[in-house]
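Below are the structure tokens for one structure; questions will follow.
Think of it as A, B, C and D in the order they're written, each chain with its own count starting at 1.
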Amino acid sequence: MTGTWRGRAAAVATLTFDVDAETPVLAHGRRYARHAMTMSHQAYGPEVGVPRLLDMLDELGVPATFFVPGWVAEQRPGLAARIAERGHEVAHHSYSHRAPTSMGEGEERADFERGLEVFARQGVEISGHRAAMWEATWLTSELVAEHGLLYDSSLMADDRPYRISTGAGEIVELPVHWSLDDWEQYAFLPQPHVGSVIEEPEKAERMWRAELDAMRHYGCLFNLTSHPFLTGRPARSLALRRLVEYALNCGDVEFLRCRDVATRAAGDATLVPRELEPPSVDPGTYPRE
Amino acid sequence: MTGTWRGRAAAVATLTFDVDAETPVLAHGRRYARHAMTMSHQAYGPEVGVPRLLDMLDELGVPATFFVPGWVAEQRPGLAARIAERGHEVAHHSYSHRAPTSMGEGEERADFERGLEVFARQGVEISGHRAAMWEATWLTSELVAEHGLLYDSSLMADDRPYRISTGAGEIVELPVHWSLDDWEQYAFLPQPHVGSVIEEPEKAERMWRAELDAMRHYGCLFNLTSHPFLTGRPARSLALRRLVEYALNCGDVEFLRCRDVATRAAGDATLVPRELEPPSVDPGTYPRE
Amino acid sequence: MTGTWRGRAAAVATLTFDVDAETPVLAHGRRYARHAMTMSHQAYGPEVGVPRLLDMLDELGVPATFFVPGWVAEQRPGLAARIAERGHEVAHHSYSHRAPTSMGEGEERADFERGLEVFARQGVEISGHRAAMWEATWLTSELVAEHGLLYDSSLMADDRPYRISTGAGEIVELPVHWSLDDWEQYAFLPQPHVGSVIEEPEKAERMWRAELDAMRHYGCLFNLTSHPFLTGRPARSLALRRLVEYALNCGDVEFLRCRDVATRAAGDATLVPRELEPPSVDPGTYPRE
Amino acid sequence: MTGTWRGRAAAVATLTFDVDAETPVLAHGRRYARHAMTMSHQAYGPEVGVPRLLDMLDELGVPATFFVPGWVAEQRPGLAARIAERGHEVAHHSYSHRAPTSMGEGEERADFERGLEVFARQGVEISGHRAAMWEATWLTSELVAEHGLLYDSSLMADDRPYRISTGAGEIVELPVHWSLDDWEQYAFLPQPHVGSVIEEPEKAERMWRAELDAMRHYGCLFNLTSHPFLTGRPARSLALRRLVEYALNCGDVEFLRCRDVATRAAGDATLVPRELEPPSVDPGTYPRE
């Protein structure tokens, strides 16, 4: 494949939905399974949010990528397949949604592979990965390459796709950012304590539209992360819809699934592969462990 | 009863007021009873907020539901009866306002029944329940059914009423949500530490109006939770009034007491009863207790 | 004195400035005296904020009340006198700005009296008191009465002045509220950790104007609390000035010093004295100490 | 040099960029070096933000000051020189970005000198200093004077430059403030926990424009602090650009590098040198250590 990752578009947009359901709460402690309200708050995502968003995407005629933890796909058989059948991409979002940075290397690998096995058993084709909480380690991109996936979408070193050279081969990184995430705008739970004030959907819409416009100016990847338990709520869905309609009206924004951007970026000779390396820190300079 | 829960309305609105008074603070620790300012901050709810809101509801001609902890009804005899006399519903909001998730099963049951006894002694008819802090356990809906109540209003698995099948019979759930709650917008206390920034009433009004509009689009239950110690303040009352006036002008929003929505939903054959079940979690996947 | 506290005004406005300087930080721990930046942040209040605000009040022609901790008056001799010479009221704001709720009764009394002695030595006449952090105990209003002061301004049980009957005589309460305070909108420090996001002055101005309008509707006391180290900053001063100009243009808002409102309220026979009492809590209901 | 620091301008503006890269996170604990996403989030600053901002400054034709920790200059050889070659000032921002208030005097001195040595080795001329996290101690300004630097920019006791007399000679302070910092508006990280809600660039732009206007009114130093890992993002860069364009259109705002303002202030006889002194606190008044 030749050409540049962006083609003729001023900016490329990837709508991504992290179908976390109960997992981010259970990762705080399995005792939260006792909390019926909290569980119901999370279940809203796959049960109400996903169908609503799928219908909306149909109406808008744009494709999206759904990052699903293996545990969620396992607990709700048929969920991942239904998403794929609607023409969207299903991608790997860990098994348990525990942050890789909270695990040892063996644990991270086991969780990664357990997730992949769920999708293999369900016959869902996987091309890419996003770390739980975006909390990738330096091992993460290597695991992605080693298991033959095309891309990762957890890092933030750029606002355009970049190629990463790992010991196990090359992958593409589709960078994310906190300012293009619905979590910081909408999430609120008292136990476990999540979020502070809850923002208006109109504020998020305005902020993301300004970012999209700036990314059209600079030629970036507008990689938006939404959570069905958050953005699946009525007014937030409609705000997302208005944002997509705005982007479509711009005429220079192309909506793609992550795997399609990654395929393009992998073949874009203008992108020079980078090698990732942790900064070297010594206890003399940074005494706090 | 036949027909659907929503009738011909695009959306049904339930104005609910949680008359918590001192209880959410005392639930943090009874030492706060020493804090005269904090106690006065909470007392404003029943003493200034409730009369102001009752007058406003009269002027608007809309009915509402007041969830009252038993402890509050006991400390302020006549409060619950006065609310009921104005044509509004009084509903059960625990005895002490301690979160069910912080109690064992025996404790939760005792607190639930102690609350009901207060209302029985005061001759106030109770049809529904809302868990303190919305922090229901899996036992909560069973307690509601077992004691012959019609509905609960603490869970978040949908944005329309749903029927729940429990071991003790069926109830209706009138779901709530953080984004339709004045607490996250307005609450602030340094000790115990509550809230972060304080939002403008106009922002809350705008956000709730957008949610109402979206719920008219999707056909939902607009179940708004306000606290008299918060929304009873001058500018916040007037913002709520403007919101209700807006809804009335829409022409397709019906205002009901919770018990009336629940009665309709209980008889709505299009709603299939759900069985609630905690997710099964194992320590291998989620090692943190 | 006869007549009602409000006279013919729709609302009465009291501009109050808490000249805390370094004290709220030192109350977190005297180790912060080592933090040169934090100390400079607080010193801005009396050194830059107070002169700027005094000039602004002159230009606007409105009187105000400055609550000054005794420690601050002591460290900066002449500060309290200069404020009083400009026609404003100086009032008692504790000695050390430690919260009364964090002290035993003996400690609270000692701190209260030590503050009064500073003003006595400086020949500054004191008529009223505001608790540090507004964190009054049930003893506080008694101390105010016992020392012959006219009013306290720390409680929140109403939005109009109220009369309090204490064992040591009667006082007037001029209630405050978090939503009429600049701290929650503007304060930020990393160590000690204070605040979250910093709001625009225009947002605070809009919120306070809406509250003023609502208080004109309901006939309340618009008792605004500002801190010179916060509101003394350039854009915030100008926002406060626009707010006052708006109020003056309303034509039905009267600006008074706290002592003048208190004198009126003390003689307002329509206000029935209240007796304050802590709620009685038992460990059976609230087991957490 | 004679004349006043402000010349004929209504306000002087200094655009300052703190090129912290990984250092503020590593100062929380060197274990964060394992967090690949967090490291990538910080690396965005020097790698994407700085080049973008340098181009933008060229287009706007305004000079700026870049505060760089020695560790960052060392890890990315050529970074500081490239900034200086574009006509901007590079200034000293500690070696490790650990807060001086968290170190003993010996440690603070060692870190200060280690930073200066990096710039000396790289041939980058240094005239001024800003403390990491602005967390200066009372020793900091003395270190600045002792090492022959012209100014410090970490304190907040004024909104105009001020002269400080230290035991080691005189320096100029160019005061900063939380409300003129992009960190409180934009920063967000879950581990280490940083920030709460993420604000719109338009809100920050509006707030800073209002401050600039007020500072033109009062004749102040508009000393804006931005971080390339935050403000280097697309929509935030464009918001900063609009702010600068607004200021240029005012016609009475002068953009200068910090060292130029400091040189002017050092020669401004209307500014009387101040001696800094910690407040004296005793354990009787402030018992908490």
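FYI, contacts are C-beta pairs under 8 Å (C-beta built on N, C-alpha and C of every residue); 3 or more make two chains touch, one makes a residue touch a chain.
Because the structure is predicted, anything quoted here is derived from the model rather than measured.
When you average the Cα atoms of each chain and compare centres, the chain farthest from subunit B turns out to be D. Copies subunit C and subunit D of the same chain sequence form an interface built mainly from non-equivalent positions, shared numbers / all numbers used being under half. Between the Cα centres of subunit B and subunit C there is a gap of 34 Å. As a whole-number value, the distance joining the C-alpha centres of subunit A and subunit C reads 48 Å. In subunit C, the positions touching at least two other chains are 196-197.
The residues of subunit C lying in touch with subunit B in their complex are 99, 101, 131, 133-138, 140-141, 154-159, 175, 177-179, 184-185, 196-197, 199, 203, 206-207, 210-211, 213-215, 217-218, 220, 276, 278-283, 285-286, 288-289. If you check the complex, the residues on subunit C that touch subunit D are 22, 26-31, 33-41, 43-44, 47-48, 52, 71, 75, 95-96, 98, 186, 188-191, 196-198, 200-202, 233-235, 237-239.
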